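These are the structures in question, set out in turn.
Both of the next two complexes hold chain A, though its partner changes from chain B to chain C.
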Partner chain A sequence: MAKTAQEKADLKAERIYERTHKKRYRTRPGDVVFNVLNYLVFTLFTIACIFPFYYLFINTISDNDLVIKGLINFVPKGIHLDNYKSLLNVSDLSNAFIVSIARTFLGTALMVAASGFVGYLVTKQEMWGRKFWYRFLIITMYFNAGLIPWFLNMQMLGLTNTFWAYIVPGIVAPYNIILVKTYIESIPAELEESAEMDGATYMTVFRKIIWPLSKPILATIAIFGAVGHWNSFTDSLILMQSAPNLYTLQHRLYIYLNQASNLSALMESGGQVSESVIKSALSGKVIKYTISMVTVIPILVVYPFMQRYFEKGIMLGAVKG
Partner chain B sequence: MKAKKIVALLLAAAMTISLVACGNSTDAPASTDSDITDVEADDDAEVDEADAADETDAEEDADDYDELLAEIIPEETVTLDVFDQLANYSGEQIGWFGQIMLEKFNVKLNIIPDPDGVYETRMESGNLGDIVIWGNDSDEYLQAIEKGMLYDWNEDDLLSEYGPYIKENMPFALEKNAQISGGTTYGYGFDVAVDSSARQDVMYTWDLRWDLYKELGYPEMKNLDDVVSVLEQMKEICPTDDNGKTTYGVSLFNDWDGDMVMFVKSTASAYYGYDEFGFGLYDPVEQKYYPCLEENGPYLTCLKFYNTLYQKGLLDPDSQTQKYDGMMEDYQNGTAFLNVFNFLGSALYNSESHAAEGKAMYPCPPADAQPIVYGQNVYGGNRPWTIGAKTEYPELCMAIINWLATPEGRMTMEYGPKDVCWYYDENGKTCFTELGRAAKLDITTEMADGYSGTFDDGGFKMNNTSWAIDAANPDSNGDTYNYKKWESFVTEPGSEIEADWREYTGCTTFDSRFDTVNYRLAPGTMYSASPKSDELMVLWNQVATCIKDNSWKAIYANSDEEFDKIVADMISQAEEYGYATCVEFQENEAKLRAAAEDAVK
Partner chain C sequence: MNEIKTKRESISDKLYYPLRIAILLSVLFLFIPALNPARISGVMNRNMSLFTSGISYSSLIDGFGRAFRKGWVMESSFQLLYGSSMVLCLGIIANALSGCASLGNIKMKKLSNLITVISCVAQMLGLVGIYIAYSQIAQTEKPKKIEPLFPDGFWFVAVVAIVTLVLSLAQIILLSKSQKEEKFEMQTKFKLFLMYMPFIALVAVFSYLPLWGWRYAFFNYKVGDSLSMDNFVGFKWFTELFNNPATVRDIVNVLKNTLAMSGLGILTSWIPMAFAIFLSEIKSIRFRRFVQTFTTVPNFISWVLVYAIAFCIFSTDGFLSSILVNTGVWEQGQNLLMGNEHTWLKMWAWGMWKGVGWSAIIYIAAISGIDQQLYEAATVDGAGRFQKMWHITVPGLIPTFCVLLLMSVANILSNGMDQYLVFKNATNADTIRVLDLYVYELGIGKGSIPLTTVVSMLKSIISVTLLFLANGVSKLIRGESIV
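== the complex of A and B ==
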């Protein structure tokens, strides 16, 4: 289709505008300085954030002798993967890894499902005792009983030394429920109403309309939940005292990382410490690095995986007229 | 709210009842059998016949005990919870020690260490565990006794029936425990000795780079000033370490600072032979207490020593900020030349590769140094072995603790299974097997003879000891439990540099170097620190922080004037915080300690 003279003139004017403005933009020295500084500052900042991970990583794949001598700072030397291979052979670690993965998947899935459902439930004005239940949930965000009452409570519920201690208490997460509730409230009510007019029940509306539309917020709380589950170790430390097979990876990491300071406490309190104890506690620098790496990597993977659920503008044009 | 209150009240009531229920009413006095004689005494002239009779008796007793044991060993494997404040490990005891426990007692041990919160929750839950091992015998231990959380060893004759070896051979340790535990025995402390006049190994060995010292022509070192000058000369001839980094005389770290800067007070212990004692040092020979801020006192003198090193560029400037790992690297790489501790000096630097290059660290104390040496303690140390009140298997726990207190148990926890890692030769001398020696030198040695994993995997994870390492082993022919002193282990020098050290000093082992040194012996006593009131604790912590912070500042002073000013500030600040009250408390402690020392003399 041939362009009209007016269109051609507009296009030309646009090009000229772009050219002149671009030129002027490029020639401004202040901007160049700003850009350079900007890039520099953020690059440094990025490096500062990434370097610790990089440092850990190159130390886990470099020659162990060099690592112990503290010679690996920027470039890996004598690359090998033996440290990771040897970790696989440490049975308590592979076990802890499975426990961590299991609690993260199961705990997150149940928490997201529950938050979605309860979040939807509390948006319904007609819910029985809605105000009471909602406040009943929210109030737990403001009060914390403390470690010992929490432990006693869990013990009375028979949750100590069982895997369910990781899952059950985390299913109802008030903060996440608020997020979901607020999000659902922002979905145009007309969508629900139209479905209801077509004869949909609450469950159908939840399944077919609310759930799919809430994916971005559900993905967000899934990340919160997964990171929380993966990093949580107080529950493992306090609740699993007689069930070492249920220790999480973070708990194991904590044990390894604290060996040197435990040892110092021993030495400080007087009395001689067996030589083999000293050697055993201090030979593990590379092991500590490797476990740290193994603990960090899986959770980093979660973010890109969840990225695809952050769809924008999904509801633009959902309600027209 | 009312309902909540009622529930809370009910819970509190339930807790109180459960606590009352676990308390025990037996207040039997400690069994301090008067007929128990010192184990050591049997060396003396005793008639052969009596010996023979004793032996038969002992054999019969052993048989009886084995029968008794057979009754209590469970048919199905039982897992015992070991709540262990000393543990560096968490989870099931695996490897060779786990296998021994399984074979001997058919038990698995679940080791529970004590990070923040674990002790508190276990106390509240009413069950500390089956075997309970304490980091010290003060507040938490006493609290547990008060709340009835520990099993009374005199109840149902538990000790006499299932812990006969302990009862017979550790009377003083049991007596001490009864005394601190309010009259009844709940356990016994670690590192028990058989002979109160014997000494432990020297810890403050003044490890110095012997190769450099040799190169300098063995200059005379009389006092701390000479040490500075020797280190200065060493830096001149060896300006860089293995990795080409600048060398220093010393490298410190601050992780282990308690009431004072650890390295400063340790240097005072190594030089003057005074023991750390609250805010200050205590002379165990003269029984005198030196507050740390006393002018020209031992602490401030040693503080000045480190400042002089800093001013001369002989102190690693990272000392205040680096952690244990950083300091360890410095000594492994030869970045620093001197450390007063044996386990931070030669233990880190002396490797095969360094020996091949003719480099090594060896004890080289200045002539005036009178390092403190701790006497062995028949009363045992302050880390009690106890049994939880709620255990279902008190007899089994007692039997395990008893076995660990036998010579075989003590040897096993240190060196591995008998006849696999060590044995007594035909003359009764203790020897390593090849595997045992390899495992001692490299803990990652794979075990053999049916034991799986490496030596380290299966290492004894409870971290507590029964007999002191330097105590005499009655099963052997005059050996102690310390392998370094076994005749079978004393070897030819492993390298030229070691031969040089041996030749120059005329000694074969590190420890024998100190036989000729005028060391100060701190006898093992029943003294244990008195509890501090809450008010005093507040003052105490403030003063400690003030002393540590300012001491580090003083170490880093660039001139003598600056040093003096910082020290003067430290003294005035500490006084404002209540230093005088703390010193007063400590002076009283010194009197108690002196009295305890007099009691064993």
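== the complex of A and C ==
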């Protein structure tokens, strides 16, 4: 089986490590202590990072009576999926789920397309006033008018309480444009030049050459963009004050977490709860856990894919220009 | 032959600047509700722009259902208003397109002029239509219910349309007969610029236009009011910030929290570096990747979810309580999220939990970039493990560290509000309220717009100044800028 580049790099790193560390060392007692401590601290911290997710998960699938008594701490007991099924009946939750999904997909797609195109355009030296317009864009990363002027502006534009408030302001993302620009500059210029010689327009060059070649960086920004959209919460809080049907999932979760933790509160808030749910004695605690789990699952699902990209992303980010 | 411009051509070129500016203005009018010429009644939504009036009939007649039924106003005058607004919008959009086309060759310019003239005439017709609709509505029996109102924006739009018309007529006269130019063409530089322009427009609207909101700092504004010279108060809110004892107390408290929590972050900003260094001392690659993978997860969940995690671990019936109660250490569960003690430390700890694995990645990458020969040489010279860490790895990471440190100094006032908002409760409000959260609570929650605008303004200016200072320091020390 062919090894991936990552594995090869790992092997190489290991060899170098052995050369530099292993050979010369007689294991001294101090080293043993250091190693043990080192492993211990990292193990503990890693557990602290993942255990809460596990705890959350086992509490949502275990027998609700045991959960309420606080008996599910390490091992799930009486596994069932009723909690998840019953969430389907809470209408404002599924609504929020749809809003979050929609904004994540649409917002990310538009952002990536725009970043790719603008990143390509700003590499074109022959553009009228290129330097000025590029700076015009980049400066906005370091300077903003502040929360309240921003809010008033959105209000003035009539975007408050509309779905587009989630999408349109995020289309142009200066940082991502820098990443794409840097990447495109590393593509050999001959490719473009030869196409231009054959009479290809800028659009054709972009579609046929630049876009396919810059897929790795586009994937990187797509992942970061999608996570950002999925996680964003304050824009829903500030801009959708009188449009509860446009709340994002994060915002709903926030509301539920702050609620007086019982079923009646859930019913008052407009979510329709069916009889069967009440019978199954879904307590406030379990609801909160289940909603949290639903919100976190998409992130955990895409995380393994993300991992491939974010190291690349963060390194490219270090090279600015 | 064509190289030398005739006098005519140069005049024409210059005249295009005011023409394009006029067109730009009319496009701006399209989106600014305060200048909506179609808002002919006080009942209509204050936040409706001309663009909205032109595309959505339902928002135009919103609130008039009763008036139609009772016959106070005729629905036909609203249909006229809607049609006129739509014509006006289309005229302005056509103008914008022709303004773009005017960057092309003479043949394109001619076409552009023609379109401009036609669309200006259309705009005039639209304005006349709006005027007729207004005069129909003004004759209503119930002026109190309908509140007929002659829109200020009417004259702005009319003046701009007339100016555009005059200028484009002048252009038609000035433009020389085309020398049989066969095709519509445009120079490459302008073509590229036009492709870029929509994005510039987005940035201008969402990042630069908010600066226009800074004017609220100088008015006595309440939500729903309009700005006029009557409520202009000059620097009252600026002095209020320093003179009103209640506000001063709030601000001092808020700044204390902000600086304390940012300060904690800055003081411990070496931790991710240490994390990376100690992680790279671990021999097993598998274990290293394992740690790296799982400590990065918290970075990708939102603060709301972090709060959900905190809730499931530390609340009254959470993990910790149930363990301690079941083992008999505690008599009953305690909610550790409540309470006012050590708020700064707790917030710092959550920040660390969420961010340390992620922040370490950049250092891990930097460590792999350090020349391995240095380690080999040091080993040959008999350097021990810690000596190598201290004398090779740490100096190799210091440049990265410095950049990040300077950035965090520049961001000392902006610690974001998500984290503090979700962790805030009745008991810890005083110690958790940072500047961003304060602005949110006061501005959005209590509607104190002018004061919070002042705070936003000052914060923006201070942040930019700090950024420049940090950049200057970086240039001085390392000869490299960080922005």
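Just so we're on the same page, the second predicted complex is superposed on the first by the 230 of 321 C-alpha atoms of A that agree within 3 Å, B and C clash if a C-alpha of one lies under 4 Å from a C-alpha of the other, contacts with A are read in each partner's own complex, and residues count from 1 in each chain.
In this text, a residue touches a chain if its C-beta (ideal position, glycine included) is under 8 Å from a C-beta of that chain, and two chains touch if they have at least 3 such contacts.
As the structure is a computational prediction, the values presented were derived from the model and not from experiment.
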| item | value |
| --- | --- |
| Which superposed partner A:140 touches (first chain B, second chain C, both, neither) | second |
| First, second, both or neither for A:50, with chain B first and chain C second | second |
| Chain B versus chain C as contact partner of A:299, first or second or both or neither | second |
| First, second, both or neither for A:171, with chain B first and chain C second | second |
| Which superposed partner A:155 touches (first chain B, second chain C, both, neither) | both |
| First, second, both or neither for A:78, with chain B first and chain C second | neither |
| Broader residue contact with chain A after superposition on the shared chain, chain B or chain C | C |
| Partner chain in contact with A:70 - chain B first, chain C second, else both or neither | both |
| Contacts of A:129 with chain B and chain C, given as first, second, both or neither | second |
| Which superposed partner A:238 touches (first chain B, second chain C, both, neither) | both |
| Where chain A meets both chain C and chain B, residue numbers | 68, 70-71, 147-148, 151-152, 155, 234, 237-238, 241, 251, 254, 285 |
| Chain C-facing residues of chain A, complex | 10, 13-14, 16-17, 19-25, 31, 34-35, 38-39, 41-43, 45-46, 48-50, 52-53, 55-56, 59, 68, 70-71, 73, 114, 117-118, 121-122, 124, 126-130, 133, 136-137, 140, 142-153, 155-158, 160, 168-169, 171-172, 174, 202, 227, 230-234, 237-238, 241, 250-251, 253-254, 257, 285, 288-289, 292, 295-296, 299-300, 303, 306-307, 310-311, 314-315, 318, 320 |
| Contacting residues of chain A [partner chain B, same complex] | 68-71, 92, 147-148, 151-152, 155, 234, 237-238, 241-242, 244-245, 247, 251-252, 254-255, 258-283, 285 |
| Residues of chain C defined as touching chain A within the complex | 31-34, 47-49, 52, 188-193, 195-196, 199-200, 202-203, 205-214, 216, 278-279, 281-283, 285, 287, 289-291, 293-298, 300-305, 307-309, 311-313, 317, 319, 321-323, 325-326, 333, 353, 357, 361-362, 365, 368, 372, 375-376, 379, 385, 400, 417-418, 421-422, 436, 439-440, 443-444, 449, 452-453, 455-457, 459-460, 463-464, 467, 483 |
| Complex contact set, residues of chain B against chain A | 11, 79, 81, 86-92, 110, 112-113, 115, 117-118, 120-122, 124-125, 135-136, 190-191, 200-201, 203, 242-243, 255-256, 258, 262, 323-326, 328-329, 332-333, 343, 347, 381-383, 414, 440, 443-444, 455-456, 459, 463, 465, 469 |
